[in-house]
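Chain IDs A, B, C, D, E and F follow the sequence of writing; residue 1 opens each chain.
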Amino acid sequence: MPLIEEDVAPPEVRAVYDDIKATRRVDRVNNFWKALAAHPPTLVRTWESVKEVMAPGALDPLVKELVYIAVSVTNGCEYCIASHTAGARAKGMTEDQYGELLAVIGMANETNALANGLAVPVDDAFRTAS
Amino acid sequence: MPLIEEDVAPPEVRAVYDDIKATRRVDRVNNFWKALAAHPPTLVRTWESVKEVMAPGALDPLVKELVYIAVSVTNGCEYCIASHTAGARAKGMTEDQYGELLAVIGMANETNALANGLAVPVDDAFRTAS
Amino acid sequence: MPLIEEDVAPPEVRAVYDDIKATRRVDRVNNFWKALAAHPPTLVRTWESVKEVMAPGALDPLVKELVYIAVSVTNGCEYCIASHTAGARAKGMTEDQYGELLAVIGMANETNALANGLAVPVDDAFRTAS
Amino acid sequence: MPLIEEDVAPPEVRAVYDDIKATRRVDRVNNFWKALAAHPPTLVRTWESVKEVMAPGALDPLVKELVYIAVSVTNGCEYCIASHTAGARAKGMTEDQYGELLAVIGMANETNALANGLAVPVDDAFRTAS
Amino acid sequence: MPLIEEDVAPPEVRAVYDDIKATRRVDRVNNFWKALAAHPPTLVRTWESVKEVMAPGALDPLVKELVYIAVSVTNGCEYCIASHTAGARAKGMTEDQYGELLAVIGMANETNALANGLAVPVDDAFRTAS
Amino acid sequence: MPLIEEDVAPPEVRAVYDDIKATRRVDRVNNFWKALAAHPPTLVRTWESVKEVMAPGALDPLVKELVYIAVSVTNGCEYCIASHTAGARAKGMTEDQYGELLAVIGMANETNALANGLAVPVDDAFRTAS
């Protein structure tokens, strides 16, 4: 898939690029958006969803980045790990926190496999709590 | 697999159960540990690892539970979702935060698939940042 | 793993290569088959299965390629995405269709995660319909 | 998570339910949406995305349902398989087509694993075609 | 999907059922095959493949069952875990071996996630060995 | 993430490196451990777990490597496949065994998808056996 650079982007795409740069206070858009731009309706819809989901709310913005990293590592998505690790560092993630985050992600993958493999029945206490 | 109840557990297993209850300040152990107890060396090693990984450190304990949920949803582990959602609520997660967390997890799974499907090259800026 | 090139392939492997080229009306076999050829029984069985599954039937051949892409993106298999995207283009997939296909795949991955995370009970109407 | 029934839904949620019923020409909304309604912003955003992505376009609507099933089977999402199989049948999928679809999905999962396991290098021809 | 019982199976399906019972020296076929029988070509092809792959060869039959369990746990396939755990026990797997197997599978899922998350470059020594 | 080389490793890390080399009778540690060393508590815990899990026990050491490969292929973890294939070859895996192993892994991925896709009910016989 081609990457649509900013200087050749049609107006519809350019408007999204400008909004990304203004919202994130950066001066370039990263490759993910340039790749999505080959299909403008998906670019517009995906950016509107990401902007809304990642906006300040009940959860801290850095926490949202850590969750994104956890999903991306579990999915094995190289690009997503690289971009959201950069995003988390820009929001203050320290090396100690990253080391500890990877330890939690690894442990979660291990106990997930054990719980599935043992077919552990869900405790009544958890069902009540949900 | 049988669940090893507390009153019939051999001393080695009982010691782990007691440590789980003391560490978490609860009066019962949940089924995951009772299932693992069928193979005591795995019970001991897994509990020691979980206790160390989830202990207070550079990351907030509630944040660690949110990361656990993110991995568990992505892995499709029903037991793990139930137990760590209960754990997160016990540590103060509100319904608003849970709704927002699921939105981030859903969005991460969508953009992971898009980045993989488009084979987006990692930006130099992210490589430098890593 | 070595790739077994056509000019050094033993007769058993050569026969499969010839059948691939005749069935697909191409003049070269792609690397997947050259890699499988290191273990001829797997090469023969896999090709016979692929040939039968992808042959014209109740589903349109292009539809089958789109389904293959959807699974490959979700599995994160780079080789499979590349080869079946090429296959779909050869059968008439347009750039617009590919953009739209990726949008559906991304959305399916998002709502899959949401439905699992929310533990949505299956509607009776769906059970009846199945 | 509670399911928000239609007769107790707040106006914001009710408006989405009405749009789902009008768009799909059905007289009830299914559980997925009633579960999402516990967090109205996610309900609104997800429905708007699904409505846009699944609308008539470059791909046939039944094809989009088949792609959804392929992803859902690969993700192991029981609810998603049930609901999108019902959706596909409503759009004309026959039992023969479903049998053949499952055969393709199974085969794709097998060759994905083989290609990854063999670390097959991507053919130059495929890179050119992309 | 309906399960096709033995007494109502058409001749083509009946022949596969008979071969399954003869090959495995059992007097009933399990549900997996009765479900596949709704689409006879997939039943025939899948059984022929399974019979060949699981036949005695360079790997011990019990080892093959353990590999099947490892894949099934990692995929989160409840049916497959149940059936292949039964199969492995029938081939001599002890409770100790099953406990240890689950420990290896859990650990593999953990270190897989850590290696992906850390983007560990492949050692030259491994590349040479491959 | 930086790789911590042996000559600049702090004493705590050096001790783990020395134990890895002594346990495995090798004269260098591979990159996975050098990457983990950026977070020493995870290095220590992971090595202690791997050493225990992979030590001689009820399962043959080569069998454990094959199980590791099966999980790694299913996870799509390039590094893990490379390193555990090297490990299995060092423990005596032949090319024929590797070819057959990949055939089993591929088949397991296929039947996993079929069983999930067909929503096969677990046989009573399997429930009894578990």
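We take it that contacts are C-beta pairs under 8 Å (C-beta built on N, C-alpha and C of every residue); 3 or more make two chains touch, one makes a residue touch a chain.
No experiment lies behind these values; they were computed from the predicted model shown.
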> Which neighbours do subunit D and subunit E have in common?
Replying inline: A, B, C, F
> Same or different: at the subunit B/subunit D interface, is the fraction of residue numbers used by both copies above or below half?
Replying inline: different
>> Among all chains, whose Cα centre is located farthest from the one for subunit D?
In response: F
> Measuring centre to centre, with centres taken as mean CA positions, what chain is farthest from subunit C?
Replying inline: B
>> Roughly how far is subunit D from subunit F, centre to centre by C-alpha average, rounded to an integer in Å?
In response: 34
> Roughly how far is subunit B from subunit E, going centre to centre by Cα mean, in whole Å?
Replying inline: 28
> Taking each chain's centre as the mean position of its Cα atoms, how many Å separate subunit A from subunit D?
Replying inline: 21
>> Residues of subunit F that contact two or more other chains, please.
In response: 1, 41-42, 45-46, 49, 53, 74-78, 82, 96, 100, 102-103, 105-107, 109-112, 114, 116, 118-119, 130
>> If we count contacts the way the header does, which residues on subunit A are in touch with subunit C in the complex?
In response: 38-39, 41-42, 45-46, 75-77, 130
> Which bits of subunit F are touching subunit C when the two form their complex?
Replying inline: 76, 95-96, 98-100, 102-103, 106, 119
>> Under the stated contact criterion, what part of subunit B meets subunit F in this complex?
In response: 1, 41, 45, 49, 52-53, 130
>> Applying the document's contact rule, which stretches of subunit F touch subunit D when the two form their complex?
In response: 69, 73-74, 76, 78, 81-82, 102, 105-107, 109-114, 116-119
>> Per the contact definition, I'd like the list of subunit B residues that touch subunit A in the complex.
In response: 1, 3, 28, 30-32, 35-36, 38, 42, 46, 49-50, 53-54, 57-59, 63-64, 66-68, 70-72, 74-75, 77-80, 82-83, 85-86, 89-90, 94, 96-97, 99-101, 103-105, 107-112, 114-116, 118-123, 125-127, 129-130
